[in-house]
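Just below sit the structures, each encoded as structure tokens.
In what follows, chain A forms one complex with chain B and a second complex with chain C.
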Partner chain A sequence: MIRLDNVSFYYEKQPVLNHVSLFVKKGQKLGVLGESGCGKSTLLKLMAGLCRPSSGTVTVDGESEPARICQKVSVVMQTPMLLPMTIRENITMGHEYTEEWIRHVCEEANLTKWIDTLPKGIDTYLGDRSDELSGGQAQRVAIARAMCKDAGILLLDEPTSALDPENAAAVLEALERYAKNRTLVHVTHRPEHLKAYDIVMNMDEL
Partner chain B sequence: MDRRVSFILKELGLWKIFVLVMVLRSPFDFLNACLGANMLERFLRIAELKEKSDLLPAFLTFLLFTVLLFGYNATIWSTISIKADMLLHERLRNKLLKTMLEMEQQEVEQYSEGDWITRINADVDRTADYLTAPLNFMHALIASVNLLLSTAVLAFLNAALLAAALAVMLPFFFLSTVVIIRKVPQYKKNAQEAQASYSDRLRAITEAGSAICVFDGEDIVMKKVEEASLRIMNENIRAHRLSAWSSLFIVFSGNLGYLLLLLMGNSMMGNGIRDFAELTKITQYRGRMMMSVMCVNDSVNRMKTNLPGALRVEEILRMSGKSVPAGEQQQNHAV
Partner chain C sequence: MPVLRILLKRNRFWVMAAVVAALASNMSQIFYIFLIGDLVNKIEGRQAIESSFVALICIFMLSNALTLYVDQYVGRITAEKMAHSLRMAYARRLVKRAAGEGNACDAGAVMSVAQNELAQADAYLGNTFFQITGKAFSGVLVLIFLLFQDALLTMTLLIPTIFILFYVVWSGRRLSAMVNAAQDEKNRMNRVAYGTIHAFPVIRIFGGEDLSRKAFDAAITRWVRPASGLGRRSALYNTLSGIVSMIPLLLLLLAGSGMVIEGHIMLGTLIVFLNLQKSLTQFVMNLPSWLSGFRVFTANLSRIEIM
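Then we have the complex of A and B:
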């Protein structure tokens, strides 16, 4: 469950969000539309506990403290934000998971085929230059990471914006399959991505 | 000087000013050695012969030479040397940046951002240190001049004492300057590479702050940063350990040589071959000679430490001119 009560957010004294209220029930899918700079990424950051509202309250699964909200959600951002570690470490972020679960999320994120071609498989070091991966590969690792956390809420911030149409379709399909019984918030500027969503909110109309 | 570093000087067009700085500074140490040795001999001789009236003129003469020598060093030489140092820093950084900007994107991407930052900052500083910092190339050369001249004077004053001093010193000098520190450049190169990797990790962490927060990755990220930091430290410790051993051998050989000189000098004085003032003068020259040996050893040591950084700069400068200049690229693609 996600609830925003009269939330405002100011960046360097400029209002980014003004008195926004919304409620997303457990298992519902919320689509957020809007042009660049309308504050939709800020909205997602507030829901992820990555920033604190200037006024109002954000409650996620009963938690309103940003650090605790972080624990309740999984996020896939526009950029994959991979770290110079192995694929496994990027997916697990150093937490203990069973081998079976890790294999499962790699399969779900369409990573298995690619990983199998690598000499060291999932233990391949992505290097200090993880940008050498293709956009699709990197984003799929980020998706596997989000899936691996197994949080009840999945937040997506234009996860396919840097991908070609073929990769974008595959990534979206994987994400929507994963989010079937979860609460999903998807921020995008493309309405066609939000066809089967329970609620669609247009930030430009706020 | 390593020929690859001399290539850098040539590329920067700073050969002439560097030769000038070195020529102007080279005689200083030897003249200082002569001044010290002769002053001591003169004062001891005056005391021995009880010629009190000679004391003041001798004092004033040596004072005048000392003021002239150090005054020259502090004004003329230091002004030119500071200018050369500033030019080196400025031209090196600009040249490196210019080379990078003229490269094709593919060539730039051969190296990570952290690698570029390390090359433009730390490696440029290492190159400048190699050429101008104390106890590097400049001092190695100046000390070598003093070493040669002091050795020649010592050979003229007493060849037997020189032979004894060299017999004790040379094996240790070879061991210290050639054998022990040969692995230092590799360790320093490893440390520079680890530094580049560390910078890349910090950059990635800064950019992935949100992901680290949401996926509770602080522990693994800290572990990775500590690993990179530990690698830098370990490589530096290895290099420092070898440098310390190298210095120890030189100091040991110096003390051993001094002991030998006292034994031989005692016997010479007993047999009336040399008097105390003469022996003091010889001891002074030998002391200056040993100081130069130590200086050469320390300088070679530090040059080896700074060489990997200079070579990373040279590697980029060698690429200069291989790529199509940025302006031409634009023209080629212009419609």
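Then we have the complex of A and C:
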């Protein structure tokens, strides 16, 4: 469950969000539309607990403290934000998971085929190879990371914006399959990606 | 080196003046020391010392101080003139390019690309270029002069210096390899730090604080090893270098005093050698570092490509 009550956000005294209220029930899918700069990424950051609202309240699964909200959600950003570490560390972020679970999320994210071609497999160090990774491969690692956390809420911030149409379709399909029984918030500027969503909010109309 | 050639050509008056001043300063120093040696020889040979000879020594003493001052003064002006030509030519090119492309942002981008090279080339011109040129001049002149004074004693000085030169080259290469290794690890550490800052939202959401801290600690540990090794090895090589650099002087003292006792040379000649040996040995021993500094300077100039 995600609730925003009269939330405003100012960046250097400039209003980015003004008195926004919304409610997303558990298992619902919210699509957020809008042009660049309308504040949709800020809205997602507030839902992810990455920033504190200037006024109003953000509540995610009963938590309103940003540090606690972070624990409740999983996010896929526009850029994959990979760390200069191994693929395994980028997926697990240092937490203990079973090999089966890691293998499962890699399969769900369409990573297995690529990982199997690497000499060190999932333990390949990405730091020196990040330039060799395609946008699709890097984003799939980010998706595997989001799936691995197994949070009840999945937040997507234009996860396919840097990908070619073929890769974008595969990535979206994997994400929507994973989010089937979860709360999903998808921020995008492409309405065709939000056809099957329960709520679609257009930020330009706020 | 087309840029350097153009810089020298554009400031040819000052460059010539600097060359003449360096030549005059070194010649004056050599003759002054030569006269001092001659004075000692005259005292040793119990010869009469004429007042005109003492006056000549005084003149050379004054001219030595004066030419040294002029040399440094003209050298600095010439360096500044060349650095100014470099900066102005670069600014002209920048304005022309920005205006031609009608893009003010481009000026900033071009400036940031070349400013590092420009600053380094500027500093080298101002602080090092004419100093090195002067020392190279001095080294060559002293070598020729000493060979005319006594070829055997000059070789006694020169041959161990050449061996030390090889040691300097060898240790320089070893240190350079270690510097590169330390630099690689430092870059890796910076990449981890940059990656951590860049991926901060992801670290926070996925609870990766421990992982990133461990990765950073490991990167620091990996960097500390070659960096401290470099410090230790550098101290060792430099200490050894300091010790072995005394060998030519010791050999000169040993062989020279023996030759004085045997009567092959006079005490004044040995004094001339003792006074001038530093110009020669420093020139030979510092040759590799000067050459590598000059290579960096010309590489910076070629990257600026301003004229």
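Throughout what follows, the second predicted complex is superposed on the first by the 203 of 206 C-alpha atoms of A that agree within 3 Å, B and C clash if a C-alpha of one lies under 4 Å from a C-alpha of the other, contacts with A are read in each partner's own complex, and residues count from 1 in each chain.
Everything below uses one rule, namely that contacts are C-beta pairs under 8 Å (C-beta built on N, C-alpha and C of every residue); 3 or more make two chains touch, one makes a residue touch a chain.
All values derive from a computational prediction rather than experimental measurement.
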Clash or fit (per the criteria above) of chain B with chain C on chain A: clash
Partner chain(s) touched by A:Ser74 [first = chain B, second = chain C, both, neither]: both
Touched partner set for A:Glu108, first chain B, second chain C, both or neither: neither
First, second, both or neither for A:Glu158, with chain B first and chain C second: neither
Listed stretches 37-45, 55-63, 91-99 or 163-171 of chain B, narrowed to the one that overlaps chain C: 91-99
Doubly contacted residues of chain A, that is, touched by chain B and again by chain C: 45, 48-50, 70-71, 73-75, 77, 81-85, 89, 93-95, 142, 145, 149
Residues of chain B that touch chain A when the two form their complex: 112, 114, 196-197, 200-201, 204-205, 207-208, 210-217, 219-221, 223-224
Complex contacts: residues of chain A adjacent to chain B: 45, 48-50, 70-71, 73-75, 77, 79, 81-85, 89, 93-95, 128-130, 142, 145, 149
Residue numbers on chain C that touch chain A, as the complex places them: 188, 191-192, 195-196, 198-199, 201-208, 210-212, 214-215
Of chain A, residues touching chain C in the complex: 45, 48-50, 70-71, 73-75, 77, 81-85, 89, 93-95, 127, 142, 145, 149
